[in-house]
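Here it is: the structure, laid out below.
Order as written gives the chain letters A, B, C and D; numbering starts at 1 within each chain.
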Amino acid sequence: MPIFETQEETPKIKERLHRVGITNLRSVAKINWKGKVYTFLPLFEITIDVPEEKKGIHMSRLVESITEAMSEAVEEEVLKTHTSLEELGKCIIKRLEGKHPHKRAEVWIRTHLIIPRETPASKRLSYEPYDVEVGVIKNYDGSFEKVLRVKVIGNTACPHAMANNNGKTHIQRAVGELEVRANFDEEIPLEDMIDVVESSFSHPTYTLLKTIDENAVVQGMHANPKFVEDVAREIFAKAKERFNGKIHVRVISNESIHKHDVIAETWS
Amino acid sequence: MPIFETQEETPKIKERLHRVGITNLRSVAKINWKGKVYTFLPLFEITIDVPEEKKGIHMSRLVESITEAMSEAVEEEVLKTHTSLEELGKCIIKRLEGKHPHKRAEVWIRTHLIIPRETPASKRLSYEPYDVEVGVIKNYDGSFEKVLRVKVIGNTACPHAMANNNGKTHIQRAVGELEVRANFDEEIPLEDMIDVVESSFSHPTYTLLKTIDENAVVQGMHANPKFVEDVAREIFAKAKERFNGKIHVRVISNESIHKHDVIAETWS
Amino acid sequence: MPIFETQEETPKIKERLHRVGITNLRSVAKINWKGKVYTFLPLFEITIDVPEEKKGIHMSRLVESITEAMSEAVEEEVLKTHTSLEELGKCIIKRLEGKHPHKRAEVWIRTHLIIPRETPASKRLSYEPYDVEVGVIKNYDGSFEKVLRVKVIGNTACPHAMANNNGKTHIQRAVGELEVRANFDEEIPLEDMIDVVESSFSHPTYTLLKTIDENAVVQGMHANPKFVEDVAREIFAKAKERFNGKIHVRVISNESIHKHDVIAETWS
Amino acid sequence: MPIFETQEETPKIKERLHRVGITNLRSVAKINWKGKVYTFLPLFEITIDVPEEKKGIHMSRLVESITEAMSEAVEEEVLKTHTSLEELGKCIIKRLEGKHPHKRAEVWIRTHLIIPRETPASKRLSYEPYDVEVGVIKNYDGSFEKVLRVKVIGNTACPHAMANNNGKTHIQRAVGELEVRANFDEEIPLEDMIDVVESSFSHPTYTLLKTIDENAVVQGMHANPKFVEDVAREIFAKAKERFNGKIHVRVISNESIHKHDVIAETWS
């Protein structure tokens, strides 16, 4: 029986679609980072453009581009080329080029990083989790860009309340987000972006804190009171200095004295 | 053309199902609370049981029970009988009794309450939001129960850090949840449950805080340091004293010194 | 005791912040829509800019701008001027102009609309829920823009599977999102945007469906098979024809044959 | 300087708390499953009880129990004993017994499993994602229980619409959840629970589907129409036959003809 390729038909309405594909796909990713292989279970999104004269895309070829890149058969490829999430994303687009014609393509990978840290006083090992997202974009002109995003949990100790209450203040968890959009070849490690955000709060946070560590964090927060505005400014200034690209900063503070959050956001 | 009532057929596998119906239905609810009509846009869930010998239920009759209860035609009914979310739930079950045979039924209604408060120092008006959920359960024996849930945002100021840092401590947003499961006729206003939770934190929070109010909250939190355990114990003890029913308490504190949360939970 | 206004100090790092304020604030909104007052409990976000030489903003004044606009004292104002969510947003910014100096401001309001519809065959009344979001932006040059977003639940019946399976196909829920960014004075009712999206699926969906209505929907979906690409193109073409502004369309189909979703997105 | 152990003080309100600890902790887990080591980044919750006479617990010791179990130092332990998520959970409780006195303890681990499958017609390899959660509970009497949960994405093809529309029907994504609560030593592989759920839908779903596979799924769904009630009954009957323990089933169908979901739930 012949197979009808409905996707290849001409649609009634002729409009170019910039992004068509699959999203919310949970799969495996292996990254050879500085010589050691790490396994992730990220959420993937992969899209291509659809020109005016085509009705649709062949979705299964996008899935193949992701899953083949993960399969046992390419273990060697992993070790050689998947040295970062964005290199993996580019490999997926390169693999897709042999499978499905397109002019524009995007791959997005969202996962967690766990990074070992040393606690401030007892110098114990603490594993810290961070949310990261990497987008690789092949533009219509063939150039490659990347979008790197990190989300870091920290805190703010309010300087206004501190000034008005003899050193006592309200403190709360805050979440800092940094996005850098850059040429693909710019050297911008996610770990460096995380450092920029984490070092801009009143104090970094830790998963493990013995009492002497907890004391150090409490003293540190009080020694470094910051508005959510201060955190956003510091992330933005540091990021502009360290990274080449378009920078977007957003900090949300889960106020301990309010039921709502406060927000500070800026961009270059 | 005859309509096949597939739902009335005998299923291949014979098992009683306790809860079958519709969920995540956003609709309108009007409540006549102490003589004034309030409008909500809650999420509804409504289920009935299915006996071993029936394949399925007639879902549209459940929808009718909800939407008819809301329609213009019953405005008068609203004014007389919908005096609380649980009375509305019971009305929906009563209406359903004339539409679909069943032995057991549940209605769940999830919405927000906005309650006016006075700020602690400037005595300004502040509107405070709370998440509430009400379940009405008709048991197999025909008796009616209700499940009432409130979720209140407050804070914890750590007594351990305070003792070890000369009065300085870490503070954070905390969320207290109280559930009471009781006979339908027990008098348990949601507002009273909210008061029990809100008064058990280091200090209540406010949407509007002028500087003198903010100072009062900061001083209050430091005067009343509490572990998440202390908050849970206080909610539990107060709730047992004020409400007849099975009580469940859960408090989650969004630690400002950690990336994870801490939790304290207990039940009667 | 003098109150320190820490917000007015000069920050160490000098960077303009474009958006500083409060977010995730649940409050009340009353809208006089075509002569009848509707009550909502939306989520609000309100932000202003912070110039290089100021450390922070006075957050409580933003809260006041929202809550005063809702208070009993302005019931008359509601009846006259809050004729849409965007008019309410503009009123909040206007009120804020007298409270806090700024050059740029945004108000975002996110809520649900419930719209009565007639079912396709039995002509019964069905209340349909939609997610909507409205942003009002006062730009640095003083001009006002608005961003209108609707999210509508519909479905797709796959034309490719239908062609290859003698009229049988896979069908699934799909979610269509339409955003229009326009000058504030453009006449763009949210209801019209919802119509554009809802009429572009394989068939509209209904909360209440008697069997003859269900049959009409099933027949209708099979008579009108569509890729997610077709839905996106149709929304985009209709929106460009009906609304003046920058248009963004995104459709996500929760595939019944896959565990992931498919996506089609485009913009003007 | 002496350290105050506030946790050891006697609280004002004397109530036993059954569950106190940490939650929403993202960390690393390595499981040696049938001789091969898999890495996950799960969310952890770990709690112990607090007796009436103690104010609080030492939270950092709970964190240590998790992170030490993951550290390089115990790689050998991983290979020997972490042969499943529940064995890992029990190891964490065992490690905790040496660190913090308690009578009752729970560990919860939530992650994704990716399982290779063969597509129905082209016999291609497809990686399928599943959400799983494992709880290990040490009861007050010292006995160990486990709670195993799987969440599987499938579909329902409506038999009622099919009977009334000459074989045409509405189809949609559905999500089946199965929970088994059992003695710790019962042999209940998560993969078997996933099979029970996945085989009970109108048809299993696949991440990768070439056209001939898509046809097989479409034909299969139409050959096997099921209400959400049928899916729940089949999961329940199979689970009772295969697993010793208390069983809870919930199926939610994301209706393609409605904006709400339908639900079928039962338990033993």
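Here is the rule we use: contacts are C-beta pairs under 8 Å (C-beta built on N, C-alpha and C of every residue); 3 or more make two chains touch, one makes a residue touch a chain.
As the structure is a computational prediction, the values presented were derived from the model and not from experiment.
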item	value
Superposing rotation of chain A relative to chain D, computed on C-alpha atoms, to nearest 5°	180
Pair with more cross-chain C-beta pairs in contact, given B-C and A-B	A-B
Per Cα centroids, the chain farthest from chain D	C
Distance between the centres, which are taken as Cα means, of chain C and chain B, whole angstrom	27
Separation of chain B from chain D, taking each centre as the mean of its C-alpha atoms, in whole Å	26
Between chain A and chain B, centroid-to-centroid distance (C-alpha), Å	35
Residues of chain D touching at least two other chains	3, 25-26, 129, 160, 164, 207, 209, 211, 258-260
Chain C to chain D touching residues, read off their complex	128-129, 153, 155, 160-161, 164-165, 167-173, 203, 205-207, 209, 211, 214-215, 217-219, 221-222, 254-260
Chain C-touching residues of chain B, taken from the complex the two chains share	3, 25-28, 38-41, 60, 63-64, 67, 70-71, 111-112, 114, 125-127, 129, 207-212
Chain D residues within the chain B interface of the complex	3-7, 11, 13-26, 45, 47, 50, 55-57, 59, 159-160, 163-164, 227-230, 232-234, 236-237, 252, 258-267
